[in-house]
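A, B, C, D and E label the chains in the order they appear, each numbered from 1.
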Amino acid sequence: MDIMIKIFYAIISIIVATVYGLTLGGIVRKIYARAHGRFGPPVWQPFLDIIKTHGKRVSISHGIMFYLGPVFRFAGGLGTYLFIPVIFGSAIFSNFSIAGDLLLVMYFIFFGQLGMALGAGEGGHPYSPIGIARGLSQMTSFEVPFALSVIAIAIQYNTLNITTIVAAQQGGITNWTLFTNPLAVIAAMISLLGMNMHSPFSIVLAPQEIPIGPPIEMNSSFLATLQTNRGLFAAAKLVLFMNLYFGGATNLLIMVIKTFLIYMFSVFVGAAFPRFRPEQSMRFFLKWPTIIGIVAIIFIAYF
Amino acid sequence: MKQLLNRIKDKIEIEFLKQRDDLYFINVEEKHIIFLLSYLKEQEEFTHLSFLQAVDYNEYNMFQLTYMLYNYETKVNLGIKVIIDREKSEMTSIHKLWPHAWQFQRELHELYGINFPGSPRVNESFVLEGWEEIPPMRRDFDTKKYSEKTFYQRPGRYTKNPKDYMKEKLYKNFVEPPKIRRKDDE
Amino acid sequence: MIFALILGFALLLIGIYGMLSQKNLIKIVIGFSIVDTGVHIIIVSIGYLRNRTAPILNSVVDLGKAAQQVVDPIPSVLVLTAIVIGLAVTALMLTFVVELYKKRNSLSIDDYQELKW
Amino acid sequence: MDKKNIKEIEKEMKLANKGLSEKEKTLFSDARPKTVRPLNKYLEKFLNWARAESLWILGFGTGCGAIELRPLMTARYDMFRYGIAPRPTPRQSCVFVIGGYASMKTIKRIVRSYEQMQGPKFVIALGSCTINGGMYYDSYNTINRIDHYIPVDIYIAGCMPRPESLIAGFDKLKEKIKANECDGMNKYVENFDWYKKNQKRVIKDWNMPDYNW
Amino acid sequence: MVNPIYIIILSLLAGFLLSIFDKGGRKLSLTVFYSVLTFNVFVIADWFYRFAILGVSTLTINTAGFSAPLSINLQLGMLESFVLLFANLAGLLSAIYLIKKFKESKISSLILYLILIMGVNGLVMTRDLFNMFVFLEILSISTFALTILTKNKKSLSAGFKYMIAGGVASTFFLLGVIFVYYFSGNLNLEFISSNDFTNYGLIGVFLLAIGIFIELKPFPANGWALDVYESVNSGIVAIIAVVNSAAIIFVLYKILPLLPTVYLSVFTGMGIVTYIFSNLVGIRQSNPKRLLGYSSVAQMGLLAASLFYTTKLGVSQNISFLIAGGIFINHFIAKALLFWIAGIVKKNNIKDWSVLRNNIPLLILFGISLLALSGLPPFPGFWAKWEMVKVFVGSKYYIGLSAILVGSLLEAFYLFRWFGYTTKNKLNKETMEQVQFSQIFPIIVFVLILFFTSFWIMTNVYSLNYFNYLPLVAIFGMFLISFLRSKVKAIISIAAVVLYGYFLFPLGMSIQLLFGIIFIIGSGIVIISTINRKNTGKGFYGFLLMMIFGMGNLIIAESFLAFFINWEFMTIAAYLLILRGKRAKIPAIVFITFSLAGAYFILAGFGYMPNIANNGAIINTIGTIKIPLMAMILMIIGFLVKSASFGAHIWIPGAYAEAEDDVTPFFSSMFSKTGIFGIILLAISFIKQTPDFDLFYWLGWLGAISAIVGAFLATFQEDVKKLMAYSSMSQLGYIIVSISLLSHLGWISGLYLTLNHFMFKAMIFIAIAGVIYRTGTRQMYKMGGLIKKMPLSFITVLIGIIAISGVPPLSGFGSKWLLYNSLIEKGWFLQAGVFFFASAVSFLYLYRMIHSIFLGQMKYEHQNIKESPIWYLIPQVIFIIGIMAISMYPNLIIQPLNTIVGNYFNSSIVIDGYNVTSSLGYWNGNMVMYVTMGVFAVPLILLLLINGRTQTVKQFNIVYAAERPESPQTTHFAHNMFSHYYKALGGLTKPRIQSFWNYVSEGTNSLAGLFRQIYSGNGQTYILHIILYIVAIYFIMGV
């Protein structure tokens, strides 16, 4: 019975996060449009797109792995989200964080990526593996500063339990990791840019080079699933960052405000910079953010 | 330029035409064309082949090919015109002189049916995939008839003589102008 | 005795020098012989004791005091054997030289260095 | 119906794919497209609304019309506010914009791209050339009527039509979609053989499957 | 009970009479000839039996009716009879070998041969210095004369050089004899003592010793000998290299008591110099006989050095006999064998020896001789080396130790290279001529003697446990049933492995059990895949079982010696298995060179080890001793080589890739774990005893570097097996680092990783073997789209890569979780960062592999291939079940590991149900699995419901910019997949280590080339060498 309630809560939590994530997507498009001097699509455009793509009458599949690719991807998003406690002290939004700690979340991100990579790979289109190769290699590089930053946090709070980390940041803005361990936060925020794949690091989708990259063969409901996941996954990542670096949230409103601000950071950077070439992007992550991350660890561990 | 022509004239027979200060034409016989082009390219710095095109002189049963060269030093365009037989319609390939010439030659082969033996990929279709008729740019090809035969005409298209149409629509009370005497009439 | 010893060593060195400096196979063999001879002289000179007679037990030598009157007989015995052996070796060497000359028609040692490294 | 009959019917449902060599036949799908009836009325209405408000276009720059499509993205015309967005792959787009005259070479690609789109799919043809050949009506190389090769929902006349008229065309398309009048996909499938005959009459070297899934 | 003097008398007499007998026909003379030789053997054998078994005291024979010193006396004791037995036996066998030659040649060669044997006998037995000289000269002259038996230009000139050099050497010996006589007044060894020589008198001893020493062909004064070895008939060379040397070394042994200590050390040094430099020069040699010549010279140097050194130290007689005797027998038999085989093969370049493949029995004998000569167990040379290292380490003679090990390595290198050429070079059409029984007979006799002595040493000297024989028994047993079909043999092998496991492993919860599971049960499962072999696979299962038993024996080895011989057995078996691959010539030699180098490090390390109580497996008892730091470092280097750590990783790609496809799983998932086992062994001692230097901290860094470099290298491979090989390197880096954490959590994660790596790597390699079996290529870009044809293999690889990459919910995540927790807990933060990087990079190569093989575009040629054979699938399924089980119920493995590691550390984790809690975090594998299944099922069901009409299409139905794809090859994106990554970070993968080793090998090669320049081929130069050598030694000794 207990588990049924848990699942029920999880469903609510997922729906909220998905809606929030998709809305964020709409807002971003609006912001981009305003930056270009346009009106831009309505905020609810992502929902329309999803409904429309689900409403396609026909779809094609290249095989079982192709079919399962989006499923993997969405499962990855769902799982990642479900292993993060969203709102500190809330029963509804604590999700299944009892199953594992920060490491589980970090590695569960790969679950979706791997599945998607396989699904796209079976599509047989050469752009898919090109995009995936780029995506994976970029991931290897932005994971480094992020991992260093996570290690720094683990040293700082002497735990990998997200709930504990959030708890340690309660009681005032100065307790946030942002202020207690600024270097780690800088490293992590730079790697967030890579994770979100916004403009300077949008080498995976790269419309001008490899049109849309991995999901080039994805259509109809497969695409809709991926789009849904995009909203959910964005929300999950933002919540994770909020929990780790910005003191977590005690209610939904604070969560929304904080994650929105975090997201705006990468959006603004993305709106302002042109795209890197793949190797430039990788070198970038392995240069300054990594050094900052190492310094953060050394600073936290030995001083 | 004059000196150049003289130098060429020392070697082979040519006809020469000046169109503008930076545009000249040379008529040359088919057998001299390779010599002339290599000479111009190697010795006279006409290093750029702008284009190679053909004109179908149906009436005289010949094609005229024009090789347009350009000299970056003197900024002069030089067109080399050569007449070839329309029945035989074969020409020496110049892709060894200018590698990009294969593309022009492929186009000419497809649209005029001029053959360039040895030119790379010359038999591949360029614009017309799977063309079965005579090459369309030959003047004995009736393009309108072909179009009517192949494509579905949308009904309702009609054409008018502009003069008559204007007369009818705009100038209801049109008065024929007096005939102006011209020199040619006599 | 010292003189003989020095002579022996001198011959030894001369022989070695000969073996090292001469290219002709026969000369090398001769060098070897000289070395041999030098060694023999050294052996004999080591066994020699001043004012003593040859180690032959005849009337001159008193049987009872023979040990004090004659030179050490063993080196003399040794040298006889050594000479025999040296002779055999030299003969064998010369056989080799003959055979080599038959095969190659050359007596220079420089012509026989195809086996190397 | 006995089993044998079913098999024969299934065989008939397969496409012959005569343009392909034996070796290649195994690499292309030979399934015949099928008509898909809409769902129940209200749900379909809702979906049609969503389809109308989210038009993802596949721009096919076959002719001079391509240049008129670009300004739509700019701040001056801003197609995004109508829910129109470009999409780089036919798999994901629903509006096929044929940008001007189609030659014999491009019609092959047009057909291929059209068939690769997932239904419901809509076609907007720009310019006079697509309507009746326009100024190239007597050319040996310009297709005169696009609608004999793929079903067209909206023609936008003009040589070339301005972006404003394009937007007007999109508006018209939206109206038609909402009125459930755009069923080009089913029309194509129902008249499949007729379309194919027309296409093959023009496309002489047919080296692709009969239906490009 | 024949007086041994009759040997000399009879030989001499027969020698003179032979020419008379010959008038009565060659048959008669040959009969006499062989009967005399046989007589000799029997007499000596009889005496040897008396001395060795009956314990008769040493026999002294006086000649001419007087006792020494008045007359010459001979002595025959245990040692003399031992040496003479071998010498006479070799003489007889070599004569048999030469029978065809003897039938045709002049009678003089028979006479000379007999005289030679007589000389040897006399030389060994005589106690009189001058008599020694006489016998030496008899020996020399007959040898010189015998060289003419091969009557060609080369042998003549070589013989001439030999003569002058020998003449000079014996001149010095003679001088020495005289001076010794002068100073001591005596010629009989019994009556001369080293006290007789004052300062000046030492010159005599010096000359005596140097004369003999020169006869032993020390480097560099040995060019003449090599020429003889190269040019003269094999049967004669066997005698020269073996019998003559044996006699001379015995002479050396006899005059040893006269030499002052300083001489002993200098001569030891000179012996070692000879050993190392001759072997060094040998690596440039391509003529087999000259190569053997270098090896002979080297072995004599080693033997002399060991004699001198043990005498100098005065080590106990047993050990010095074991060392000298071991080297002696080893060299004696192996060298004779090889010279005989060289005479049969008759190829003057070792690269042409592939003709030997036409004669498999001879090839096997050849291999055995090479193994023996390389000093590998169970042959006598090994035991000698083992004891020698102990002696050297005990006396802190490190230079000598390292020189000997380097020399051994060089020797092993050129011998194994030779073997590689023989087995792998292209076989031309030419066939070998029929081998006569008379030629093969001596070889077989000697091989039997070799094995007999080996077993004698194993049982009587070391009294090893019976299970240490199992690897040899396995290979022998499999040899006996090699005619059977491979399927039958595979089943027999499985049965053998299962029985072995059943009888030997009633083990408790311990590290032994874990490694037992990996080595034994794992092997049993993986062997199933070899059932697929079509042909009889001669030899394969023998080597395989040898390797498996060797690995298994490591776990239960009760002494360092047992550990080490099994280590060597395993290595040899692995080498032979690799060599079976089609293009494995170079990888195999690289493998054996690195492995032997590692083994020598371990050997040296064992030399430093204190003694250990011999009660139970060393893994259990090693905690009681404190290992010296030096031993620790040396052994860790050795173990790291086996586990392909950074720096020694260059052998893995070749060895893994070129080994047969169904063998590679053994290497990757089991063989490489032996290094880990070794490291754990050391670590146990390290944690029980307080360490004074934190070696394992640096080992941890090395592991981290291996992990990242391995991952990078794997990313840029086109060859799937090389990719997985580098992946193994990377994964072993993880294991090394977690072992070197030396903490509870660290060890749990290390052992967990070990088990996990064992399962997924075996699984993936078998799946890949199946794919390669079907497609016939290893290049990944030539495959593609195989998911449609080989779905089961795909699933295996998929599960494998999920497990490798550590993506939840499979077992890989557990290992990652444990690893990071333990790293952060220990405070190794930067290492943890490196591992994050490495594990991210591992995605790159894993995706590359699975995409290039199974996804993307299928090629035309693969359209009709089938799923892997069933025999490949069975082990895969077993491993999948294993992985799924420990993923679903991680307690199955975490709980026992907790207990096991609890023996060494205090527990630092709490296991509550399925929840594992460390000091940093928690992980509930079971719940993760359920949540994952849930979140996977929901979208799948949704998709199935909503996604109405899905048309499955084929591979060319793709959006290809409105074109249709031209061909699968151009559409499949696989070749050079990570080129952009290479642009960004490829600089890290520049083969620096590879070039370092290239420099090392090139440097060694050029050094060899440099040194061999001294052998100019000019006889005078050789004399000069001798003279200079003597002068140099003279000054070094400062007489």
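Here, contacts are C-beta pairs under 8 Å (C-beta built on N, C-alpha and C of every residue); 3 or more make two chains touch, one makes a residue touch a chain.
All values derive from a computational prediction rather than experimental measurement.
Least step count on the touch graph, chain B to chain C: 3.
In the absence of chain D, the touching network of the other chains comes apart as A, C, E | B. Among the remaining chains, those touching chain B as well as chain E are D.
The count of contacting C-beta pairs peaks for the chain pair A-E. Chain closest to the overall centre, judged by the mean of its C-alpha atoms against the mean of all protein C-alpha atoms: E.
The chain with its Cα centre farthest from the Cα centre of chain C is D. Centre-to-centre spacing of chain A and chain E amounts to 53 Å, using the average Cα coordinate of each chain. Chain A and chain D, compared by their mean Cα positions, are separated by 36 Å.
Mean C-alpha positions place chain C and chain E at a centre distance of 50 Å.
Residues of chain C in contact with at least two other chains: none. Counting partner chains per residue, chain D has residues 36, 89, 91, 213 touching two or more of them.
Of all possible chain pairs, the ones that touch are A-D, A-E, B-D, C-E, D-E. Contact residues on chain D toward chain B in their complex (touch as defined above): 103-105, 108, 131-133, 137-145, 148, 198, 201-206. The part of chain A that touches chain E in the complex is made up of residues 7, 54, 57-65, 67-68, 70-72, 74-75, 78-79, 82-83, 96, 98-104, 107-108, 110-111, 113-114, 117-118, 121-130, 132-134, 136-137, 139-141, 143-144, 147-148, 151-152, 154-155, 158-161, 216-217, 220-222, 224-225, 277-280, 282-283, 286, 293-294, 297, 301. Those residues of chain D that touch chain A in the complex are listed here as 33, 36, 38, 46-47, 50-51, 53-54, 56, 75, 78, 80-81, 83, 85, 87-89, 91-92, 94, 118-120, 185, 213.
Those residues of chain C whose C-beta lies close enough to touch chain E in the complex are 12, 16, 19-20, 23, 25, 28, 32, 35-36, 39, 42-43, 46, 74-75, 78, 81-82, 85, 88-89, 92-93, 96-97, 99-100, 103-104, 109-110, 112-117. Residues 860, 863, 948-949, 951-957, 959, 962-964, 968 of chain E are the ones touching chain D in the complex.
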